[in-house]
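There are two complexes below, and they share subunit A, which is joined by subunit B in the first and by subunit C in the second.
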Partner chain A sequence: MKTTADAVVIGGGVVGAAIAYNLAKYGLKNIVLCEKDTFASGSTGRCGAGVREQWGAEGNIRMCKAAIDIFENLQEELEYDYDIEFVQKGYLMLAYIEKEWEQFNVNIKVQHKLGVNAVALTPQEAREIVPTLNTEGLYGATFNARDGHANPFHTTRAYLKAFERLGGEVCFFTEVTGIEKTNGRIQGVKTTKGDISAPVVVNAAGPWAAPVASMVGVDLPVYTERHQILVTEPVGRLFDPMLMSFSRGFYSQQTPHGSVVMGIGDPNEPKGYDIGHSWQFLRRMCDIMCSVVPALEGVRVVRQWSGLYTISPDAHPILGTVPGIDGYYHAVGFSGHGFMLAPIVGKVIAEMILDKELSIDISGLDLGRFERGDLRVEPSVV
Partner chain B sequence: MESSDIRITQHPILDFPDRRKIKFYWEGKELEGYEGEPIASALHAAGIKVLHKSLKQGCPRGFFCAIGNCSSCLVVVDGVPNVRACTEKLRAGMRVEMQEGVGPVPASKE
Partner chain C sequence: MSDENTIIVCRCEDVTLGEIRKAIREGATTLDEVKRITRAGMGPCQGRTCRLLVAGEIARYHRKHVSEVLQSRYRPPVKPVKMGDFAALSEEGGNSQEEGGHRQATGGDGQCICGKAVTGK
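Now for the complex of A and B:
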């Protein structure tokens, strides 16, 4: 492992990998990525891996639109030998209560203003897109064909392989235990494999973002929360788009391989780092999805697991610098949608570090917004 | 040689109790087997060795691990895909089909 670097990225999830790759692509030479476990082992590899433009808040819509632009060419850009499995079969957002349907209709106006071609559908029209859908109790749905999903392991690995080809160093099982700072300037990091001196440190530690930030005295207003998920055996095509509902709290996609991945939020979930899983989830998840797509009834579950959301007060990520700490950057608090934002966040954080013109305006997503009381509002989070 | 000749009748540890002969279907064709034996056993005895076509290239797959672990012998039974022929017991009238790749969406209960 290098003992001096131009930048150290903390975190081998998709966000850290995308930042490291973009730094290298923009020409920075000596970059080390430190990951305490292996790639995608935190939140990335446990996520539902959906990518959507159908948000309620302008900032999220803009960022996800830019991220999808990148996703569409990512396989080629990263010259990846395997398939990142990016599939654009849309998201079908299902409204089961009147309030949700009203919210969708508000969201879709904002989406149209920003150039997202989502459409509002009657339950019958939704059934034309997903013939296996049970429309009972459905108010309506919105559909955006450009949304989709990708394979989080392959996407992260593709970024890391491209980063390494550009000369970057990836250190797995290397935990950052401290960040050195003198006179408000970052000096480097201490790790379980030795020290690295570097003028730039990027915190992309996902669920461990707050403990990492505390190493430089930054108090991040984020907390972690377990979200459970399961996967079925592979079966023939049941549905193409990602299915999602906020009132019922679920999302589900059928992977290109044919297995169905599904997750559901639990309003009673305590904060913390527990990533165990429960039979109660299994039962609740299966009951809900079998009512949404009754054909799932005969499909077996093969595995369940859980991962952590790192939730910020306004469900938007916290990006950029912290005044008074020169050389410290963070991309944290993604609140359950870090995977879909990673391509654009990776790019824009690299641009920020290298003092380049930013691809997208993220000025409102700094840590200072919480002190200023300038919170973003996102009505559409599972 | 009659196909049932490949069955083992004597074994140093295992006993082979008499079982009822029953009829079942492979790809719509009527076959005979013993009630309660693994589906794969009845199919092998009938000389049928290709049970499944692989996911990506459709290559033939058959009886392999024999303990329900490897997914090589997945068949469709009465419209339900991903049934392990090596561990699922044969019942009278079962309709067993070769599974092509991931197989069909399971038949609805209605």
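Now for the complex of A and C:
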């Protein structure tokens, strides 16, 4: 491992990997990425990996639109020899209560204004897109064909492999245990494999973002919360788009491989670092999804697991610098949708570090917004 | 005639010995990494057949003992179970029309009807 670097990225999830790759792509030479476990071992490898433009807040729509632009060419850009499995079969957002349907109709206006081509559908039209859908109790749906999902392991690994080809160093099983700073300037990091001196340190530590930030005296207002998920055996095509409903709290996609992945929000999930799982989840998840797509009844569950959301006070990520600490950057608090944002966040954080013009305005997503009381609002999260 | 590209190591996911060895050559040092790259062990049998074989390959390549490599955890359910069977366990049954859709969870977590609770990764 290098003992001197131009930048150290902490975290080998999709966000850290995307930042490291973009730094190298912009020409920075000596970059080390430290990951305490292996690639995608945190939230990334446990996530649903859905990617959507169908948001309510302008900022989220803009960022996700830019991210999808990147996703569409990512396989080629990263010259990856496996498939990142990015498919765009759309998200079908299902409204089961009137309030949800009204919200969708407000969202879609904002989406149209920003160039997102989502359409509002009657239950019958929704069934034309997903013939296996049970439309009972459904008010309506919105559909955006450009939304989709990818393979989180391969997306992360593709970034890391491209980063290595550009000369970057990836250190797995290397935990950052301290960050050195003197007179408000970052000096480097201490790791379980030795020290690295570096003027720039990026905190992309996912659920461990707060403990890492505390190494430089920064107090992040985030908490972690368990979210459970399961996957079935691979079966023939049951549905193409990601199915999602906020009122019922679920999302589900059928991967290119044929297995069906599904998760559900639950306000009673424990906060903290518990990534156990419960049979109550299995029961509730299966109950709800068997009513949405009755054909799932005969499909077998092969695995359940859980991962952590790292949640900020306004459910938007916290990005950028902290005044008074030169050389410290963070990309944290993704609140359950960091996979889809990673390509654009990776790019813009690299631009920020290298003093380049930013591809997208993220000034409102700094840590300072919580003190200013300038919170973002997003009506559409699971 | 058998070469590494015709020998199937993971029968559930159709992963060949060649694919396993490629992932290991490219830097995978653990069962989890091989699984994430190749899908070996992700199928219905959850690696019950291929785990030892994959661990053996990793151990041989990195000159370790198999026991050092065998650390990937099983995730429940131990046997694949039909979604309809889980749904039938639900007391409420059928559609939930509740506002917010968030039904109360019925108890603590970490319990599992079909295997030991998994913590860690």
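Convention: the second predicted complex is superposed on the first by the 382 of 382 C-alpha atoms of A that agree within 3 Å, B and C clash if a C-alpha of one lies under 4 Å from a C-alpha of the other, contacts with A are read in each partner's own complex, and residues count from 1 in each chain.
In this section, a contact is a pair of C-beta atoms (placed from the backbone, for glycine too) under 8 Å apart; a residue touches a chain by one contact, two chains touch by 3 or more.
In this text, all values refer to a predicted model and were calculated from it rather than measured experimentally.
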Subunit B versus subunit C as contact partner of A:Gly258, first or second or both or neither: first
Touch check for A:Gly236: first (subunit B), second (subunit C), both, or neither? first
Subunit B versus subunit C, judged by how many residues of subunit A each one touches: C
First (subunit B), second (subunit C), both or neither: which does A:Gly298 touch? both
Who does A:Arg185 touch here: subunit B (first), subunit C (second), both, or neither? neither
What is the contact status of A:Lys356 with respect to subunit B (first) and subunit C (second): first, second, both, or neither? neither
Contacts for A:His112 in the overlay, against subunit B (first) and subunit C (second): which applies, first, second, both or neither? neither
According to the stated criteria, A:Asp37 is in contact with first (subunit B), second (subunit C), both, or neither; which is it? second
When the two structures are overlaid on chain A, which partner does A:Lys271 contact: first (subunit B), second (subunit C), both, or neither? neither
Check the residue A:Arg165 against both partner chains and state whether it touches subunit B (first), subunit C (second), both, or neither. neither
Common interface residues of subunit A - those touching subunit B in one complex and subunit C in the other: 233-234, 257, 297-300
Residue ranges of subunit B touching subunit A (in the complex, touch as defined): 55, 80-82, 101-109
For subunit A, which residues are in contact with subunit C within the complex? 37-41, 45, 82, 96-97, 99, 136-137, 153-154, 157, 172, 226, 232-234, 245, 247-249, 257, 265-270, 274-291, 296-305
What residues of subunit C sit close enough to touch subunit A in their complex? 29-30, 32-33, 36-37, 39, 42-44, 46, 75-77, 80-87, 89-90, 92-97, 99-114, 117-121
Touch list for subunit A against partner subunit B, complex: 132, 233-238, 257-258, 294-295, 297-300
